[in-house]
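Heads up, the next two complexes both have chain A, just with different partners, chain B and then chain C.
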Partner chain A sequence: MAEKKVRFIIERQDGPNEKPYTQEFDVDYRPGLNVVAALMEIQKNPVTVDGKRVAPVVWECNCLEKVCGACMMVINGMARQACCALVDEIKQPIHLQPARTFPVIRDLLIDRSVMFESLKRIQGWVELDGSWDVKDAPIQNPYTAQTAYEISHCMTCGCCLEACPNVGPQSDFIGPAPTVQAYLFNLHPLGKFDAPKRLNALMEKGGITSCGNSQNCVEVCPKNIKLTTYLAQLNRDVNKQALRNIFNN
Partner chain B sequence: MFNATFYLRRLHSLCGLLVLGMVLFEHIFTNSMAIFGPQALNGALAMMELIPKPIFLGLEVGGIAIPLLFHGIYGIYIALQAKNNPGRFGYVRNWNFTLQRWTAWYLVVFLIWHVGYLRLYTKGVTGTPISYELLQNYFQSPIVVLLYVLGMFAAIFHFCNGITTFCMTWGITKGPRAQTVVSYLSMCLCALLCLITLTFMGSYLI
Partner chain C sequence: MAKDKTAKRIIIVGGGISGLLATIKVCEAGGEVDLFSYCPVKRSHSLCAQGGINACMDTKGEHDSIYEHFDDTVYGGDFLADQVAVKGMVEAAPKIIKMLDRMGVPFTRTPEGVLDLRNFGGQKHKRTCFAGSTTGQQILYALDEQVRRWETKKLDKDAERFAVKKYEFWEFVKIIKNKDGVCRGIVAQNMNTMEIKAFRADTVILATGGPGQVFGRCTASTICNGSAVSAVYQQGAEIANPEFIQIHPTAIPGSDKNRLMSEACRGEGGRVWVWRKNPETGEKERWYFLEDMYPAYGNLVPRDVASRAIYKVCEHMKLGINGEHRVYLDLSHIAPDYLERKLGGILEMYSEFVGKDPREVPMEIFPSVHYSMGGIWVDRKHYTNIPGLMASGECDYQYHGANRLGANSLLSAAYSGTISGPEAMNWARTGNKGPELTDAELEAARKEVQDEYDKILQMRGSENAHRLHHELGDLMYKYVAIERDNKGLDACLVELKKILKRWEDIGITDQSKTANQEAMFVRQLRNMILYAMVITKGARMRDESRGAHAKIVLDEKGERVVDENNDLVFMGRDDENFMRITVVSYDPKTEEPQVTYREFDHSLIKPRLRSYK
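Right, the complex of A and B next:
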């Protein structure tokens, strides 16, 4: 009896400025097979369906449990994590593409450093002027702690940026993930002192005003962060900040 | 600090919903008089002629031309920043996002034709007053009727979907329930206004 195979159609690219091309690979099926595990099989034996031995497919992965965000790619047209994309649950043949919202380095490996730059831009950190023992430290607001916890799950995987029609080479929008991080740090008992700085950063070109309300971000977020709700909250905060900028000076 | 982008975007939003929304409502209201026959429409048009010429021209320039040009030109800039992807992500809101841009492109062309021919050429250059008879004659061509109905549908959808996104942009509706309710209500308004449009456009055919 012939073994069951899973067909992968992979969009490859040899370098940042090279032309993309596709190659097809067959991987032996096994229960619970996911896309990362299949890519590992291809890496062990990089032979296409035509029997040609090729360079192994390059991709990025790390935690293998949907926490680190590294293995985000476009699987059957959908931006998602490869490690939790179970072969049993998706349509075959399986199409893999790099998330082209970001610059492609090679094959499925992309350069997501733009998100780190955006986090620096919105001041995605808390300034500390000292340290405390636990009992003396400022406490989290218990009413917003759940929200802060939820937003802190963001792993800058970039799914929301890939799905957002307003993010890409044609636009300067920093995207939903870095924007919403501003709200997380504005909720922090010490971070809130820098809230005006973050809100002003969001008012700049490519900030929250570039959001077009397509709401794809909240649909694709693998961590189920209510991105559109926090974008609306930030819109509110930014409008108030604008009034303060106008009337407090 | 002065964030020009922020104020331009918010002005674009306000200008579209409040000013151009008013223009759309005025058009639908006046034109719907055609439902009650030629006298009713001509009467409504005569009422507008009662406004002194300089004030009327001021309203047309300040209340229509400038906001429309700003909203249109800045809107083209915004539309060019989007790479519509409803084929890959076929969610309702993403379709609305795409339709908002497609209707915008149609309206750019349609409004150049509509304003250029009826306001600037017919009323401005030849000095012919707009009347029921003129419009009825104009709407003898089925292609003109089709393009006008499409133009009205595009403007109405663009306005009604604009209500939904306006509420998000200004942080009025925050949670998904509030956003969905407003989106349903604005789509009901969209259907109603489209129906009124079909009725008054149809009245020229009878």
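Right, the complex of A and C next:
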């Protein structure tokens, strides 16, 4: 066959408690091909390189624009979004694995609900009286708002948790993404009223002291959020809060 | 009469902006919500909205007024939107912005710290609030956070559960009616364990978004398949104005998806052009054809107008880049730091997916299916024709008429949630609901869905569902997109019936009892095919051009008529016969859509000719 093919080596797993195994697939090359588009081609013709007809590969995706965070997986050893992983820019054959920091449901599909639970723990919201009309919203410093905008791009994809050596069975660390969200809400003119609650939550087990400052998170963040900068700032804020707790009691 | 104080349970299907805001409103009114979604609600498609949200804030010294927002919306929609409903929306808009600001949406600000505003298509004033070029993402996140707060709160201290319980990775399959025909619950399936379960509710709100996947490649997420809307249509819900499908003029064409390039590009000064030979001098030149064709609005003409112009330049004048279906969208004349601040997120996306920097070279774009103005028929309080069932957000048909203005979708998504949520509680407390579903009724509904699902698992035919879906998309693009004619629409209906028949010959390779995405997709695909018939039939019956629906005149031989300049002749707007809402209902015997027309309120602004020249 004259057509150019791209080889995918995919780590599969039939269910949460099943053993992983690998299968290989060839997909027709085309310019601009990305990993999600290739998985879609496999759906249309789920046949391995050995000619075996198998169940299509299972994974999660929604937006295909790197905004929703759904299609995070480990591609050639690195956690990233599959939709913007262009075949032209990565080494072939292409290895796909689930992000095993999280429980695997099936194939590349993982359960990331723990991150959303952590957002509850850090009280990741502005405490409104209600959604009704009150009066004008407070004016905000445009520079602070720009920092908030940067952090507010976090799509809870989990790349930073997958890359972090301190997230896993050996530690309770809730991970960089949910931790840094506390900083976001502490910046908001109304959100900052509850900053002590968020900082106290980060003093507890699995909070900011579990961060080992390995700097892996900032390397993999698909949204280029300066995670380590904000983790450092939060660390200072948590320490200040701890002192305040001592002297105010 | 004593107020009914028993706990009320509202089911909301869909966790985009409309569903989340409805959830918040229900909780504030003292109700409990079961929130169903295909995905963690934070990953809903609302986050793909880029450019902004319209509201008359009038902070730019332009003397903008709510009336002008009202007029622009009605005029932009070619006078097919209920004017009383639109008026309610534009009046509420500034309040909604202030609420979102308090919730923490990081809107882009002026040096004084107030909300910045930008230009958008079809509007002559700066009226669009924005958070860089990721406004939808930011609004969705703020609402997601507020709903998470309700996930940790009980409505009173003795309550057995928190105010919101999320069912993420659950697919809505159908509604359940009681013996009086009132919607009192739903059947849903867990997408990971495949468990099928029936749920009781006092009111059900669908906020399931648009049907973009019916067209295959579009700007929508893979989850925007219209399956839930089609399911309730098959259970008796009326669909209104389905033929009005918005084609967004500026998207990056792709084989997996057409990625949106926000209208904010044009709002911030982007220009659309192609190379041509100057008709007089014969010299090669850049032709800024929108500015040439529409001097009053230039590049800021509404989406339907821009899409038809781009299509004409590429398809009929053969002036697309390298003869292909592409034109330039140019930002390279604008200062890079300004672009970074106003459009950063999407320029990065273009660079990432195309490999070229839009700050340096013009982008290459082409129109793509983007949004459905039509959807489930609702009244002004968002009740459908099925008692107990409401619809909210893109899945309803209200507010946009025949064409939606850019940055009005985030507004209608939010606004509809502020209406449907409180009304759902009103119905739960005072509506004529009839009896709650019995255990036997719940089990019967569950079993019906279980049997249908088991049948899908037994399908052993020769068709692949994903390839059939691809063909469906090709068919809809060919006949029911930018330019339509009755011959093509008739042919499309015939072809759609064949695809529906071929659906029965699908073969399933996946027998797994865990996360069986293939089997779920087969069920969705059938709903998509039936919804494609609704869109096509609506288009076939509407013999006029209005907004996004542009129909070409055919001669007696069925050939397309052209004028003296060899331009296609389109039907005009026909207010006498078609200033009516298309209403489509399902005929269970033939499985075909039945079209009727309904009057609506257009009493506030007198209809006038729509032209952006």
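Here is the rule we use: the second predicted complex is superposed on the first by the 242 of 249 C-alpha atoms of A that agree within 3 Å, B and C clash if a C-alpha of one lies under 4 Å from a C-alpha of the other, contacts with A are read in each partner's own complex, and residues count from 1 in each chain.
In this section, a contact is a pair of C-beta atoms (placed from the backbone, for glycine too) under 8 Å apart; a residue touches a chain by one contact, two chains touch by 3 or more.
Just so we're clear, the structure is a prediction, and the values are computed from it rather than from any experiment.
Taken together in the superposed arrangement on chain A, chain B and chain C fit without clashing.
In the superposed model, the angle subtended at the C-alpha centre of chain A by the C-alpha centres of chain B and chain C comes to 170 degrees, rounded to the nearest 10.
More residues of chain A are in touch with C than with the other of chain B and chain C.
When the two structures are aligned on the shared chain, A:A163 is found in touch with chain B, with no touch to chain C.
Within the superposed three-chain model, A:L64 lies in touch with chain C and out of touch with chain B [touch as defined at top]. When the two structures are aligned on the shared chain, A:T22 is found in touch with neither chain B nor chain C. Legend: residue contacts after superposition of the two complexes on their common chain; A:D133 is shown touching chain C, with no touch to chain B.
Overlay on chain A (Cα): least separation between chain B and chain C is 20 Å.
For chain B in complex with chain A, the touching residues are 1, 3, 5-7, 9-10, 78, 80-85, 88-89, 91, 93-94, 96-98, 100, 164-165, 168-171, 173-176, 179. Residue ranges on chain A touching chain B, taken from their complex, read 77-78, 163, 165-166, 168, 170-173, 200, 203-207, 209-216, 219-220, 226, 228-229, 231-239, 242, 245.
Within the complex formed with chain A, the residues of chain C that make contact are 21, 24-25, 28, 39-40, 42-45, 47-48, 95, 98-99, 101-104, 106-114, 131-132, 134, 137-138, 141-142, 145-146, 148-149, 151-152, 168, 192, 221-223, 254-257, 259-260, 345, 349, 352-355, 418, 464, 466-467, 470, 509-515, 517-518. Put simply, chain A touches chain C in their complex at residues 14-16, 30, 32-34, 36-37, 40, 43-46, 53-56, 58, 60-70, 83-84, 86, 105-107, 109, 111-113, 116, 119-120, 123-128, 130-134, 136-142, 145-146, 148-149, 152-153, 155-156, 184-185, 188, 190-191.
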